[in-house]
């Protein structure tokens, strides 16, 4: 399935567009200002059931969030590289 | 043969992304690649024949038309975005040979490409 | 695996070059081949005349270091002309190319990661 | 009073921020992608009563809109220059 | 004495605008100008003491602190935007000496400046 | 009246330089003194090495023409260093300056028009 990379903040239309694209079993990774999604209580409701959500830990922490504030799985750059290996398709 | 989608979400006037998407798409024919272009959000404003960035000194969208015809590059726009801007069928420049895709078809549509580049 | 990362926005002003560099490093560590395609304003990142403040990171130097580790750095030539960057200004280990090279990278890479503008 | 210049599209948060700033007797000028506002039926409800709305004709037409689609007064660059002369303060 | 406001609406990490707003503001003291800085929208994330762009290799926000103290540059943030990101008073770095302005005070507040530059 | 226009984003990629140039022309016609302050990535607009395609407009040339008509073109020097633009590359009629010059322009201009990034 696909890895969808969301790098813009929740206030940008393109982020919503990308989240709508995710099919069950796709993975969504929030990076850069996209990590603001990871702190949204309702983030899981923004995607179809069965979509797995991740956020880049470095970008989340740098923006002043605490790891425990994340509603999604945090991964580091090595984890991002791993997601790239696993998913055949990248949408970004 | 691999399929490549160039999707543009930025406004057609005053930024380079639609022209760059087509320049990229046309470059794909040198390899065994099949490109397509998709307009979403404000990029759909491009399809009106009255949309002319050259009026304010920017590069014309129409410079893509002869290559779209030559290569038969498929161009898509999202129905709901066309509706949002009240773009009617008879306003659309025929040279785009525009295909419409609805919002709920989008996930399957985008996944049908091997590579996706969004501008 | 061959992974290509395309960047589209200027360095420093936005963090995309930093993201690309960090990701390239992580991919290298896991044994992958990495290419970076610099498109539009991101071509500024390969300009060796760029002089950041001393307290700031030097992005062109970091790119050159990556190229020494085997990362291919491709610069869209037309984009570079539009930004006043000549052949003599590009960092060592980078190459001017264009959309044909982009096509080859899209065709040959196992993964193509675009950082949208 | 002030001339407030809105250059980003209606989908951007900063546009809403700028429209909220307008006080009665201020003038708002839509330019660049901001002119998309000029084609919105409800644009006058986005600002306080007494705020005058303008859009840059060149940018409106270039985006494919017809002059008659505008809900606000269209001005050309000369008209923009005139607005600059009249208003002591510019917010942009 | 003229009053100048530098307002920032862009995210504090990964873009230069907050640092550029302060660099601009501090430059104003060479003239008979009185600068202030306002954080709106996502820029308010800057005020948390845990917000550290230097963790991802960007310039630190903290480099502004000594000049804020030296010049006593007033720094404001919008209350509703702080609330949106659930930023609590005890999380705010004291070096900002942050003043809060509410959304309905904003129009009068911004109009009280002679020149306004938004980043 | 003295009007200053500040631009913050790169030429070509975005239309802000075009907007600034058209507005400057309109203001000149009405008899005003115009200054343009190039900040952040907009400094690329004053690089005479910029080579657009023949079908495209030449923004640095247009700026030079404006300067011949009396428009002051100020380039933020630190911004230029960050984008690899040296003294020898700037168009005729433009000057490297910095935030002190920005302060002087803000103080002395009757109107200061910022085109936000």
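Going by the order they are written in, the chains are A, B, C, D, E and F; count residues from 1 in each one.
Everything below uses one rule, namely that a contact is a pair of C-beta atoms (placed from the backbone, for glycine too) under 8 Å apart; a residue touches a chain by one contact, two chains touch by 3 or more.
This is a predicted model, so every value here is computed, not measured.
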| item | value |
| --- | --- |
| Given chain B and chain C, the chains that contact each of them | A, F |
| B-D or A-B - the one linked by more C-beta pairs in contact | B-D |
| Distance from chain E to chain D - Cα centre to Cα centre, in angstrom | 26 |
| Chain B-chain E separation of Cα centroids, rounded to whole Å | 39 |
| Separation of chain C from chain E, taking each centre as the mean of its C-alpha atoms, in whole Å | 32 |
| For chain D, residues that touch 2 or more chains besides their own | 11, 13-14, 32, 58, 90, 92 |
| Numbers and ranges of chain F residues touching at least 2 other chains | 12-13, 15, 22, 40, 112, 114, 116 |
| Multi-partner residues of chain B (each touching 2 or more other chains) | 13-14, 16, 41, 56, 58, 115-116, 118 |
| Touching residues on chain F, where the partner in the complex is chain C | 10, 12-13, 40-41, 44, 47-53, 78, 81-86, 89 |
| Parts of chain A lying in touch with chain B, wherever the complex brings them together | 2, 13-14, 17-18, 20-23, 89-92 |
| Chain A residues touching chain E - in the complex, by the definition given at the top | 9, 11, 32-33, 36, 39, 58-59, 61-66 |
| Chain C to chain A touching residues, read off their complex | 1, 3, 15-16, 19, 22-23, 25-27, 29-30, 32, 111-116 |
| Chain F-facing residues of chain D, complex | 5, 7-8, 14, 31-32, 58, 76-78, 80-82, 84-85, 90, 92 |
